[in-house]
Amino acid sequence: MADLLNLKEWVAVLGQLLMFALAAPMLVAWVKRVKCVLQNRKGPSLLQPYRDLSKLLKKEVRVAHTASPLFRATPYLVFSAVLVAASTVPLLQVHLPTTALADVIVLVGFLALARFFLALAGMDVGTAFGGMGASREMLISALAEPAMLMAIFTLTMSAHSTNLSSVIQHVLDTGLLLRPSLLFALLALLLVAIAETGRIPVDNPATHLELTMVHEAMILEYSGRHLALMEWAAQIKLLLYGVLISNVFFPWGIAETATAPALAIGALAILAKLVTLGMVLAVSETLVAKMRLFRVPAFLNLAFLLGLLGMLSYVILETSL
Amino acid sequence: MNLAQLGLVEQSIFVFAALALLLSFLLLFQGRLTAMVHVFAWQGFLLALLTATVASVEHSHHLFLSAALTLMLKGLMIPWMLHRLIRKLHLERHQERLQHQALVMMAGAGLVIFSYWVVLPIARLELANTRNIVALSLAIVQLGMLLMVARRQVVAQVIGFMSMENGLFLAAVAATYGMPLVVELGIAFDVLVAAILFGVFFFHIRDSIESLDVDQLTQLSEEER
Amino acid sequence: MEALYITLALPVCGALLFALVRDARLASTLNLFISAASFVSTLWLAIQVLSHGSMHSTHFLVDPFNIYLLVLTTLVGMTTAIFSRPYMQHVCAEGRCSIHRMRLYHSMYQAFMFTMLLALSTNNLGVLWVSVEGATLATVLLVSLYRTPEAVEAAWKYFILCGVGIAQALFGTVLLYFAAQHVLSSPEEGLNWMILYQHASSLNPTVMGIAFVFLLVGYGTKVGLVPMHQWLPDAHSEGPTPMSAVLSGLLLNVALYAVVRIKILTDGALVQSPHPQMAGHLLMGFGLISFLVAGLFLHRQRDIKRMFSYSSIEHMGLATFAFGIGGPLATFGALLHMLVHSLTKSAIFVTVGHATHIAGTQRIEQIRGLIRTQPEVGWGLLLGVAAIAGFPPFGLFTSEFLLLTATMQSWPWLTVSLLLGLGIAFAGLFRHLHPMVYGKAPQGQQAVRVNMVPVALHLLLVLWLGLAIPDFLSNWLNLAATLISGKGLL
């Protein structure tokens, strides 16, 4: 357990936050790039999201005159909530003071907080699209959250802890085990991640088609640095889920001690995992068509079912009586 | 028993069994008949794979035989027959929306727990490594029954019936490393005959009630008619 | 053993032969001959058993418990074949069933006989399951032989419900094999009934208890125990009448036989456990409920075959209840009850078949004045129902009397419900019977060509069993009761 008052540890946390913030646009660019290659197109540069963000940050902010202060505050709230959530997910090393403070339920809570304000802001201005997007987002998250918790409970049951560091340490200690429960939890979490980060087939981040958009509808009224923060938060959220999935289910390579060589290996490992995960995401998005909104509950029901089966198969197959 | 004490091959048996259970759930929710047949075929494949794995762990030649039999019968032949029937009955595009989806899912999860509860005393005996799978196989049997209750379409009901047989086969493999060969062959023969008879029945039902919906089968009851 | 092999081979040859014979008239004659030959060969087998006692090999087992059922099966098979010849010709003449479907009918008739005989004589519980399931498969197309919407629906129900039920029995069989594997040195013998019987006390009681529940539900579906009985009235009422006769007379018996064989093993395994009587109590519960519910349902029937199929459920419930009580007296009574019920019930279905031809319908309110139109059918129905209701000179009176006595000995309070149930069933049968036999015959009701030999034969046998049970039979029943309940009666 890391010492909570150790300054060096907190520096590591800050470093992780910075890495999350800086690497997030890169993952989005990478997915886009792979997709372009798959579709025989010439993709944008990997640095394009950075250019977009810096351009938006420099632009003037325009706010609707019906907007309340909540509307202005939301981008900062959302961004910081997502960032704090990101600080509780081990990136390069297993043990961090933040993971000791906040377990996986807090992580879910921060993400829910961000979503709550996002939905409020969507409705705040009073345009039709904002309200529509908010209601759709709430529908999706209301179904995704139980599924996510189910998957997480499966994980925490086998590790006997809700603390992410302990979970990762447990998986590392037991070595490679073909656990049906973890397989189901992984599949459930993948589906939830797709729904929560607004990727195909649940939502399409690349379109502003009014019939289908969810996330884009909520942030339609934002501009300038507000929009930049919102976009950035969404990118961090994608990275967060990527790191969560790859580090919990495939933790090999992550630094167990805070030494430089270990950290370097950890950095390379997470890079490799994210590159692979990004490719998987791009391939699946290329193969799968976006589904109609009323099919989304079935999709998330499947995620819930997977989580439930994970839990049941843990109890039935893996516990010793 | 602890999973960590087993080798990777043994662990994969558990994964296959768990996946077979997942496929049973997918069967429950799959609305399109052709897709159901595919899922059913995958379940057959998975069972054959599982049986072959158990056979290689236990060095049992007769299990290899039943794995091959399962692959032929449940992985290839019955799905092929069902496919042909679906084409002949022009049901390729038939889609059925399951009523009360969430309720059915909860019932399914309840059945899994129920099966576990039933088999728990046996599992406590610690007689075989694979005994835990018996609960899953009973769950597959019960889910097949649930499918037959929840679906109104005869082809879907037959797939439920056949997936029940899959569950029974899994039970035999997991609990006792297969049944004696005579019995195994007899069961396979019965399943095959049943599949053929079901095919005949589809046409009888369609000819007599001009539909393949069992809700139309309401001629016989204790009420005055 | 040769006699047994011949008995089993005959119906197989018959089934294959009839798949080829196109001439329906020839086929029905041949069907009769093959059934008669089977009967003769089981008689030969019975004589062997009489002289040498029970015999068993790895695959087959013939002991006092199943030999009388084997003879009964081929006897009913033969007499039903006698009845089926003119009956099915009449059906074809009416145009309800085409000539080429008669090929299917005869072939499946023999296939069904084969599965029954195999189920009775096999020593392997797995083969027992396979043949009971085979019996469903053989009869399901016969139930839908007329291809009316009702017949197809009945057959579908029969197929699905029995299929689902019997699947539970297979799960139970797997569990049984599982229990056996940990006791026996050679796993291949794990389903051999004789070997299991010798090792019954060392089988794991927990596993056996669970296995018994699954097996009871599975085979109980075939016995027609309430609440798994839904298929039975439909299949009996919509199928051809010879089929109803053999289903009621044979299939239910064989399924009950399977349950009892399993019960013997379960009782052996549970001796040391906290609930040694678990199997018996379950049987009593299911049996009593079936008996009472079926008795009540008799009253509201409007279809004559449906009514008698409920009567079958009632009697099977009674026999199941008696096997549940255990003890030599009850078991002896139950074994006798199985015998006389199937003789009487198949005689009744034969008579009912003729009666429906006379009236041209199966609806009770349109069958009237049989005794005026054709006295032999009227008398046959009257005597048959008198026998099935348990009137004194007939065998069912004897068996029911034994069962009541046994109940009074061990569960005095339940005697009340048994008497009540018998009374209800009696009233239900006779309120429908009276107008059918004595009522005013409709204008123009014609006599039809009938063959009452099977009915007369069966009812005479039942009468004989009511007056005196021959020594060899009582000896067999006694030995079987010893096997099942552990103690002999005589």
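Of note:
As written, the chain order gives the labels A, B and C, with residue 1 at the start of each chain.
Going forward, contacts are C-beta pairs under 8 Å (C-beta built on N, C-alpha and C of every residue); 3 or more make two chains touch, one makes a residue touch a chain.
Keep in mind that what you see is a predicted model, and the values were worked out from it rather than measured.
Distance from the centre of chain A peaks at C, each centre being the average of the chain's Cα atoms.
Closest chain to the protein centre (all Cα atoms averaged), using per-chain Cα means: B.
The greatest number of inter-chain C-beta pairs in contact is found between B-C.
A separation of 37 Å divides the Cα centre of chain A from that of chain B. Note on chain placement: the centre of chain B and the centre of chain C lie 31 Å apart, centres being C-alpha means.
A separation of 66 Å divides the Cα centre of chain A from that of chain C.
Residues 124, 126-127, 129-131, 133-134, 137, 140-141, 144, 147-150, 152-157, 159-160, 163-164, 167-168, 170-171, 173-175, 177-178, 181-182, 187-188, 190-191, 204, 206-207, 210, 234, 237-238, 297, 300, 302 of chain C are the ones that touch chain B when the two sit in their complex. Within the complex formed with chain C, the chain B residues making contact are 118-119, 121-122, 125, 127, 134, 138, 141, 144-145, 148, 154, 157, 161, 164-165, 168, 171-172, 175-177, 179-180, 182-183, 186-187, 189-190, 193-194, 197-198, 200-201, 204-205, 207-209, 214, 217-220, 222, 224. By the touch rule above, chain B contacts chain A in their complex via residues 1-4, 8, 11-12, 14-15, 17-19, 21-22, 25, 29, 101-102, 105, 109, 112-113, 116, 120, 123-124, 126, 132-133, 135-136.
Contacts from chain A toward chain B in the complex involve residues 174-181, 183-184, 298, 301-302, 304-306, 308-309, 312-313, 315-318, 320-321.
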